[in-house]
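Encoded as structure tokens, here's the structure I'll be asking about.
A, B, C and D label the chains in the order they appear, each numbered from 1.
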Amino acid sequence: MPRTRGGVDGNGDRARAGVDLNSDVGEGFGPWRMGDDAAMLDIVTTANIACGFHAGDPLIMARTVAMAVERGVRVGAHPGYNDLWGYGRRRVSGDAPADIATMVLYQVGALSAIAAREGCVLSHVKLHGALSNVAAEDEELAAAIGAAIRDTDPRLAWLVPAGSAMVAVGERLGVRTVSEVFADRGYDSSGNLLPRSQPGALVDDPAAVARRAVRMVREGMVSASGTDVPLRAESICVHGDTRGAVELASAVRRALEGAALAVRPFAT
Amino acid sequence: MPRTRGGVDGNGDRARAGVDLNSDVGEGFGPWRMGDDAAMLDIVTTANIACGFHAGDPLIMARTVAMAVERGVRVGAHPGYNDLWGYGRRRVSGDAPADIATMVLYQVGALSAIAAREGCVLSHVKLHGALSNVAAEDEELAAAIGAAIRDTDPRLAWLVPAGSAMVAVGERLGVRTVSEVFADRGYDSSGNLLPRSQPGALVDDPAAVARRAVRMVREGMVSASGTDVPLRAESICVHGDTRGAVELASAVRRALEGAALAVRPFAT
Amino acid sequence: MPRTRGGVDGNGDRARAGVDLNSDVGEGFGPWRMGDDAAMLDIVTTANIACGFHAGDPLIMARTVAMAVERGVRVGAHPGYNDLWGYGRRRVSGDAPADIATMVLYQVGALSAIAAREGCVLSHVKLHGALSNVAAEDEELAAAIGAAIRDTDPRLAWLVPAGSAMVAVGERLGVRTVSEVFADRGYDSSGNLLPRSQPGALVDDPAAVARRAVRMVREGMVSASGTDVPLRAESICVHGDTRGAVELASAVRRALEGAALAVRPFAT
Amino acid sequence: MPRTRGGVDGNGDRARAGVDLNSDVGEGFGPWRMGDDAAMLDIVTTANIACGFHAGDPLIMARTVAMAVERGVRVGAHPGYNDLWGYGRRRVSGDAPADIATMVLYQVGALSAIAAREGCVLSHVKLHGALSNVAAEDEELAAAIGAAIRDTDPRLAWLVPAGSAMVAVGERLGVRTVSEVFADRGYDSSGNLLPRSQPGALVDDPAAVARRAVRMVREGMVSASGTDVPLRAESICVHGDTRGAVELASAVRRALEGAALAVRPFAT
């Protein structure tokens, strides 16, 4: 695995405050595309690649890994429920935690082999959609998945929602977690994301999003209904589903760099 | 990877003439089962495990690997077309060889990760159904798949039909091939399997099947419409779909052992 | 639609007390089979046929309808969640009731066309697995599905768990419901099925099951932890997953007939 | 089913020369979209709706039917191989013609029920992709599918490639066929489409496409490598996959109307 990406993470740079930018990519299937992966891979430092269960297929996976490698973007697996129709956004109840962990393992292994052929070692795993939401609440499931990640490859990091139960679970299991924040989403005073249905859940003014991103990284704080809430921001998640989203991601990157913050992969 | 299996392949044993017995297992899906995997894993020395495309799912894969490891049976991947409904028996045309190789890689990688958690390194790949039939005829496809196998793990063997184009392709690519024969199937004078529709295509008398197996291994010969045809028999494929099939497999094993031939995995 | 089935429901017979026997059939997929459909269709008067979402495929559907028609067994649709892997037993959350109703409509329509070619008009719809369980609790979902059934064909009956919310919903919507009971399952004092994890949830003594079936039909009563609970038994559900299950179903039928109760389809 | 659409097919109009415009729509799946269905449904008179096998799902089907009905566009089924990944473009070999016909029946029935709820009776069936290509060559398959269409509903028309074997098959079976042409595709001197790999296979100049469309309808002729080839043009197929494609479709419609040709559904 290449240890540097451009001049971004040279010695001087690691000393500087900085942050990773990550995006979910390769989320098409067969003839269908989702978002503009090429544009996003020009912006981010870390890519989470769908593994064929909620989206993605072997061919899209291979193409997306190649595009990421070409740009020096780090690559991780983005496993989800086996629910193509529902895009992994529906909760599927009734499986034992150990069985869900095996489904995660299957997906990570599949991507791992495809990445290896491109000369790329996976840096991490990030759960998708409903699976991530359930694991954030269900510590037994989080532990089963964390163990599966560790057993696959002890070098794999686990990209998790900041403040979620997965942080403690990772620590307990000896899996390095990387805390992810959303600059375009509102948080409550406990540091959890506001549900999309609530006012303030979505921030769509690019300038506001960019300001929030800078503050999250520099101060480790987000403003939540008037108070300041601490938040560990090791990676900022940006989306590429729409034209506007790509521009927003680009604005976040420019704002971080303009604030003299290093934008660099968390994986060293 | 454990290098010995019981006392079977000690020094003295490797000197003896012998053969591997392989079977396709783990070919259920979700709530459905196919054949009696436990019974077959008691008989064979090598297992080809379905990887979720034509059959198999992560849970069945994990259970089947565990059952094989428990019995000291060697484990390989059995990838097929992404055609659950058709059980991988239908030819699916229109994909580029390189893309089909990527589909194979996905499946091998997925099983590989699941096997690794069980402390098991895959010994080989054997193509399933229509994919195997197409690759046996289409050298370009065989070469693309062979390269994918080699790039995944250079230690992987390729279990292929005796006399097929894959043997030469493997040699050219530096992938070890292991030649598989069918004691219960008729061959033509070129050493190819007779189509199932032709008379003599299926041998169902257990004593005849057992005699053929012994002769294939001891003499490297099969009788085809009166003449003797040379056939490289490194592994004999046995099936477990029906009660009778399990008994036939058992009869083949007993006959080989009765003839002082070693039944041992090809993977050392 | 033929209005009579052998001599079973002649004038005299309808006057007699009686009951329908139903079973879920056609629950294989592609190469896989589930249970012994032929044996069950020899026993029951009504068949619920899987429609391709949790199990079943067009070919199995056509074969199963033909087998039912041949035996004079009435045919209905057995739609479930689109979850082949989980066999429709996992709850899938996040879809709007109207959307789930559309998924039901799709399945009923598909079977309806296949049945029509066999000269058979569907008599009813019975929800499968987790979808049935959710609809039994969620009145909004039940109403959306009930309306979809009515709009497809006003002659369709709705085979529902006795005492479930679907009975009232059907009445309100003008959909005829038929109440289904399980002779081999324990009930609580409110007339609900005991969860499988509780003691007494499963009755496996064939004589006891047969006695319970007769009492349910003759008296409309089931014994639940010492007290008698009224239960509307218009149809008894029997299963064919295992050899023992087929024999149990057969024992139930013999007991009913031995008690001079008519075993006849609810659809006239 | 409403028998008129605006003033288009009044008495006077039917006397005029005219043509149908058809497009394949509803070809998304789950979260994914394909083309701009709303724009295409504003242009065409007949819509072919994917039925969930190569594309489409119950929810997309219902929405697309509703959009078509709203605009007075006639609705038909667009069944394909059960190959979501390959978008129905890969040939899948090994199924008996009768079994493929049953798969078609399943899809037509599913859409039929969904359409019925929208107050819409299906006017026709048009095969998709590889299934259409195979049926155009394989008369036995064409006959099996034609019989399935007729048995589903004798009022269903069969929208088929002009000059294909399906025309004669339909005539023999008593299924009305409607001949479809492509104004943006080159034809050979036998009236067959040139393979996409050949020069002249694709016509991309909008003015040329529009001129060809008018000539096909007015003269029943297409120019093929210098000679004029007769071609029955009852419906022109237009695509909406790309922005340019929608504009091309619009240009074709304007050219036809500018040439005083009626653009009206074939279904009366």
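Following the convention adopted for this analysis, a residue touches a chain if its C-beta (ideal position, glycine included) is under 8 Å from a C-beta of that chain, and two chains touch if they have at least 3 such contacts.
All values derive from a computational prediction rather than experimental measurement.
At the interface between chain A and chain D, two copies of one sequence, more than half of the residue numbers in use appear on both sides, so the contact is built from largely the same positions.
With centres taken as mean Cα positions, chain C sits 45 Å from chain A. If each chain is reduced to the centroid of its CA atoms, chain C and chain D end up 40 Å from each other. Chain contacts: chain B has residues 85-86, 89 touching two or more partner chains. Judged by the touch criterion defined above, the protein chains are all mutually in contact, each touching every other. Within the complex formed with chain C, the chain A residues making contact are 82-83, 85-86, 89-95, 130.
For chain C in complex with chain B, the touching residues are 28-34, 55, 57, 84-87. Residue ranges of chain A in contact with chain B, taken from their complex: 52, 58-59, 61-62, 99, 102-103, 105-114, 116-117, 148, 151-152.
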